[in-house]
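Each structure below appears as structure tokens.
Paired with chain B in one complex and with chain C in the other, chain A is shared by the two complexes that follow.
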Partner chain A sequence: MDPAPGVYVGVANALAAVMLLLEFGMLRQALARDQVRLYAAQSALISVLAVVIAADRGLPDLYALAALSGGLKVVAVPYVLRRLLPGPPGRRGPGWLSRLGQDPAGWRRRDEPPGVAGSHTLSPASAVLASIALAAFGFFCLGSLRMGGLTVAATALAIAGAMTFVAFGLMIIRRDVASQAIGFFSLENAISLAALVVAAGLPLILETAFLFDLLVAVVVFGMLIRAHHGAAGSLSTADLTRLKG
Partner chain B sequence: MSAALPIPVIQLLQVLTVGLGAPLVMGFIAAVEARLQGRRGPRILQPYYDLAKLCRKEALAPAGASWFFLAAPLIAVAAYLTIPLLIPVLTSFPLPLGYMGDILGGGFLLALASFVVATAALATGSPYAQLGASRAKTFSAITEPVVLFVVFTVALLTGTDLPYALAATVRSSAGEVIRPAHLLASAALFMVILHETGRIPVETHTGTSEFGMIEEARAFEHSGPYFALLKWGSMLKQLILLTILDNVFLAPWGLAASHQPGPVALAIVALLAKAGGVGVVVAVIDDSFAKLRLFKITEYASAAFLLAVIGVFTLYLGGG
Partner chain C sequence: MLLAILLIPCAAAVASLVGPARRAPAVTLAAAIACLGLVIALVPAAAHGTPAAASYLRADAVSVIFLLATAFLYAVVAVYAVGYVPAEHEADDRYARRFHALFNLFAASMLAAPLMSSLALLWIAVEVTTVVSALLVALEDTDSAAEAAWKYVMIASAGLGLALLATIFLYYAGAQVLGEHFNLAITSLIATGPRLPHAPVLLAFMLATLGYGTKAGLFPAHTWLPDAHSEAATPVSALLSGALLATSFYAITRFYQVAAATLGSGIPRDALLAFGVCSLLLASLYVLGQRDVKRLLAYSSIEHMGILAIGVSFGSPVALAGVLLHVIAHAAAKGSAFMGAGVFRIKYRAKEVPAMRGGLEILPWSGPLFLMAVFALSALPPSGIFRSEFQIVAGGLASGQHAAAAVLVAGVTVAFFGLTTSATRMLMTRPARSLGAAAVVERGEPSAWLVVPMVACVAVLAVLGVHPPGELSDLITRGAAQLGGRP
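Coming up: the complex of A and B.
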């Protein structure tokens, strides 16, 4: 019926669709480490998308942005997140590591933090169905804007809308601080995707400023994760319901 | 140029290719799987020997089973052998009988075959065959929405529901290959095929534990030539589904565009090679994942559903 848009637009749309699928993957993924991996993959895809758009539209700025965003969101943020996630209570690293002072407060890199697995409030299949509904809402909301004159198809923009809603869904459905942080960061990915699609020619300095906003969020969420873990001994926010008056 | 083949011959060749090639593809996948596990594995031709051996054996029916028990394998195989007439197996242009049914028609035939096998399993009174039949029906009900959404994608992409039309659309430009709706629908269909052919992560294909069985358990009470027909039927189903995936969705290239014997022969080789290629992927998945627990299969189906639904979504804004 509708002829396919060009190859570049197709690639951009397909990349956006895969990013949306990774968002669903984060929603489903039980372990925080794997969520961080999916986040890194999603961020890598957005860099690839920036390169595709740069090649398609001849915007050399975007290559720099892709490199910067890749370095920051694929390498730095996941690394920091992995360092921030606390290990199970009462378990420390090997003794020699603590003695060397390399293992402060028993934060271990390899163990799964407590309270993340099993933090689903819905059964997996219902969570997916509910998120499909959310994605449909976001998709058709942005799709109905009918923004004309876009070189990258409206589909990628609508997918960014869907991703935004699924990221919110992730933060609502999962009841642990780590997932909520990941949901927030991937929300930033969704917004970057929308920005790339709508305003690829935005000055580099602005795009960079947005990226550094993310760093602030990482620091804030890092403090929240550690503070919550220090107070509750777990990353689950289920404990917080006891604070009700 | 040699003389063109008459159309009925090509149509017969479609059925023969699928019918005789199916055990070959099954044997090839088993051989690759064994190699990946570091075993020497069975010969590639082993399924043919298995079928021949079963055909020489005595056929028994459980006491009290009706005539339907013995008729079911025949009906199932007849249904499976009709489907190659409807889908692009060898030619890129529709053959006259290709208009007998569209994608839904093929789906009905597949469902009919599965239904008669399940009914025959129920007729035996054997607990394991009944368990297999009931599970197979339950889970195919769960994957049905995925298939429907894949069909919707085809319908939205081509404006028809003819498999030939989608193959032609995919061939028409690179933009059609890369568009997300096509990629997502293909991925969803592949996941459904893994389910329908009883592969990991849904079912252990070569397993002997009855509790994990779904499709495999249905044939427990059949024996001799009837069991051979059922086994052949599941091989046929596998090759038919792989043909749909290859020749309609993933790689509708290498099909004969004329009636000449050369291109048609090439198309036979290309079809088996493409099915083998997907078979390698299936074998790798078989060897690298664990079987899902029975109640996790809904999650697998929901993932496939997600792919198909997003595929349909992306089409609604024209671009996808």
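Coming up: the complex of A and C.
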């Protein structure tokens, strides 16, 4: 019989479970800005988990990582995303984007609300069922590997696998550029969760490089979202069908 | 020297962005030629040792072979861009500045990847190639380019997410033996391979093959590739196809080395064989029906990545040497073919094969050079690709993989029919003016800048096919030994 989990393992598993629930929440949100909020909440839990692991395992580097991750993924990335996502009709886009070469007229040329409702390729029930199936598949895939010893929260690792698959599901099920981008960023959160569980000792310099790389990717995603919105007049990817064969 | 290879293109990117637009092509050209010179200077050192610098840069024989392919393409495409950018975007200084800045950054990131001593830094370099090249694709400012850029960045980034997961699992495996402060150094992982736990290494290898395979254009995550290659500016398409795919494949070879050291060569080879055969067969069939010349070449790139994967799966020294030669030869051939396709596009103002007629007569230099590039891609002698594919097939037969070798030959033959059919339509039909058509295309080359780099590529292909330089042969032999797990 397995021994009862310690406080660290229990907290890690609980935080991971909440992160997975937030991932499901992103899948169901009708507004892009609400998806960003859920992403920020998920990222905040990553920082909390880093602090818990730092305290449990005596890894002071992880405190710095938690602060940096929080600053970037809870504050900077959501801020950049909110600035880059199209706002309500009639509102001008930020000037610096125009200077980057995007069409400022495209920012004003909006005849749709800023929501992403209706971008599901599946009905709500089917989407949830598919996501549960994906989560279960990911959970049992990583859970069955039985990696590590007592220091590894195996359930949290399995949940990271579930989150990875649900994030992929989010990118596939939603046909709008905002949800697909959020899906990618939450995929990165799933990887961060896996990294904290199995690779907490990864040198801080490398973790920092990963985070700044994410920030660059966020800016590029945002610019491409703006370019898409300027060209198509909506966030939908349903009309991205010119290139085939 | 290793640091200079990274810093020179970065400096050129800054100079291109802030300096006068008219000087950007010259700055890019000077940086590219300097990088090529530095990489060539590395060859003797890497053939007999492993140059390293600054604790995070390292260039063994395998690295330098991939560097050679990238640096060569960077140089020839920089020459090509001198003629291409004004021809396609006349008097657009803002475009020229941005193009050259991103082009140099793209080259810097691709040159950085093989030089990184750690798998974590390698991942970061490959991720940077994605964000920079996605911007280069989107720079074309058309609806199709925006669509291609979005699909590219989404699919490639998702793939790289898996590759990051692979890197983390390999860190976990390495930390069991080397301690938690180990920095994912490639040499340490290979050296301790036999002592690493099997499950995380196997998981890491499969995730890395799928993840980096997405960027290398391997089936089933190849779908971004034809779109991005066809919608990007031609110099970018040439770099994407000849250098970026190889850079991503380089990452797979590093995971393969670690996996083979830990698990033995059985499972890693089988996995690469499956990915390679599927990619080769799918791409060969798609090549048959293509009407867009750049999509045709893009599918040919998937085919060649499949050949590389199959070659590594054969595992014999002669096959591995063929793989490494193929990396350089494919860069030269695909660079030449894309540059030729770009000249056709400028001349005919079209991308569709049926719209291009009488190429041999209309384009007295680019027509024959494009034909030679297509023949080279089809592995006809005496090109370097003929030699490399011959070595790969011979290696497969020598290692007892007769069925896989037969599939390889069949796939290459199907692709040959597809490539040469399209090339024949473009080159050997009667020009439109002979048919009394309204759209008359005058005879003559748009610019000598567009022809010279194609001549260089074809010359390199001939040299690689007939008699590769001794130092290069030594480098390839050493690289094949390293890839095969021998010192």
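One rule holds in what follows: the second predicted complex is superposed on the first by the 208 of 245 C-alpha atoms of A that agree within 3 Å, B and C clash if a C-alpha of one lies under 4 Å from a C-alpha of the other, contacts with A are read in each partner's own complex, and residues count from 1 in each chain.
Simple rule for what comes next: contacts are C-beta pairs under 8 Å (C-beta built on N, C-alpha and C of every residue); 3 or more make two chains touch, one makes a residue touch a chain.
This is a predicted model, so every value here is computed, not measured.
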For this session: Could you tell me whether chain B and chain C fit or clash when both sit on chain A in the superposition?
Result: fit
Exercise. Taking the superposition as given, does A:Val51 touch the first partner, chain B, the second, chain C, both, or neither?
Worked result: neither
Exercise. Once both structures sit on top of one another, what is the angle chain B-chain A-chain C taken between CA centres, to the nearest 10 degrees?
Worked result: 150
Exercise. Just chain B (first), just chain C (second), both, or neither: which does A:Ala199 touch?
Worked result: second
For this session: Tell me which partner A:Thr155 touches in the superposition: chain B (first), chain C (second), both or neither.
Result: first
Exercise. Between chain B (first) and chain C (second), which does A:Ala217 come into contact with in this model arrangement: first, second, both, or neither?
Worked result: second
Exercise. Which of the two partners, first being chain B and second being chain C, lies in contact with A:Met171: first, second, both, or neither?
Worked result: second
For this session: Return first, second, both or neither, reflecting whether A:Ala30 touches chain B, chain C, both chains, or no partner chain.
Result: neither
Exercise. For A:Leu240, is the partner it touches chain B (first), chain C (second), both, or none of the two (neither)?
Worked result: second
Exercise. Which value in Å is the smallest Cα separation between chain B and chain C when the structures are fitted on chain A?
Worked result: 16
For this session: Pick out the shared contact residues on chain A: the ones touching chain B in one complex and chain C in the other.
Result: none
For this session: Write out the stretch or stretches of chain C touching chain A in their complex.
Result: 94, 98, 118, 120-121, 124, 127-128, 130-131, 134-135, 138, 143-144, 146-151, 153-154, 157-158, 161, 164-165, 168-169, 171-172, 175, 180-181, 183-184, 197, 199-200, 203, 226-227, 230-231, 286, 289-290, 295
Exercise. Where on chain A is chain B touching in the complex?
Worked result: 1-7, 9-11, 13-14, 16-17, 20-21, 24, 28, 124-125, 128-129, 132, 135-136, 139-140, 143, 153-156, 158-159, 162
For this session: Sort out for me which residues of chain B touch chain A in the complex.
Result: 156-159, 173-180, 183-184, 298-299, 301-303, 305-307, 309-311, 313-320
Exercise. In their complex, what parts of chain A are in touch with chain C?
Worked result: 101, 145-148, 164, 168, 171, 177, 180-181, 184, 187-188, 191, 194-195, 198-203, 206, 209-210, 213, 216-217, 220-221, 223-224, 227-228, 231-232, 237, 240, 242-243, 245
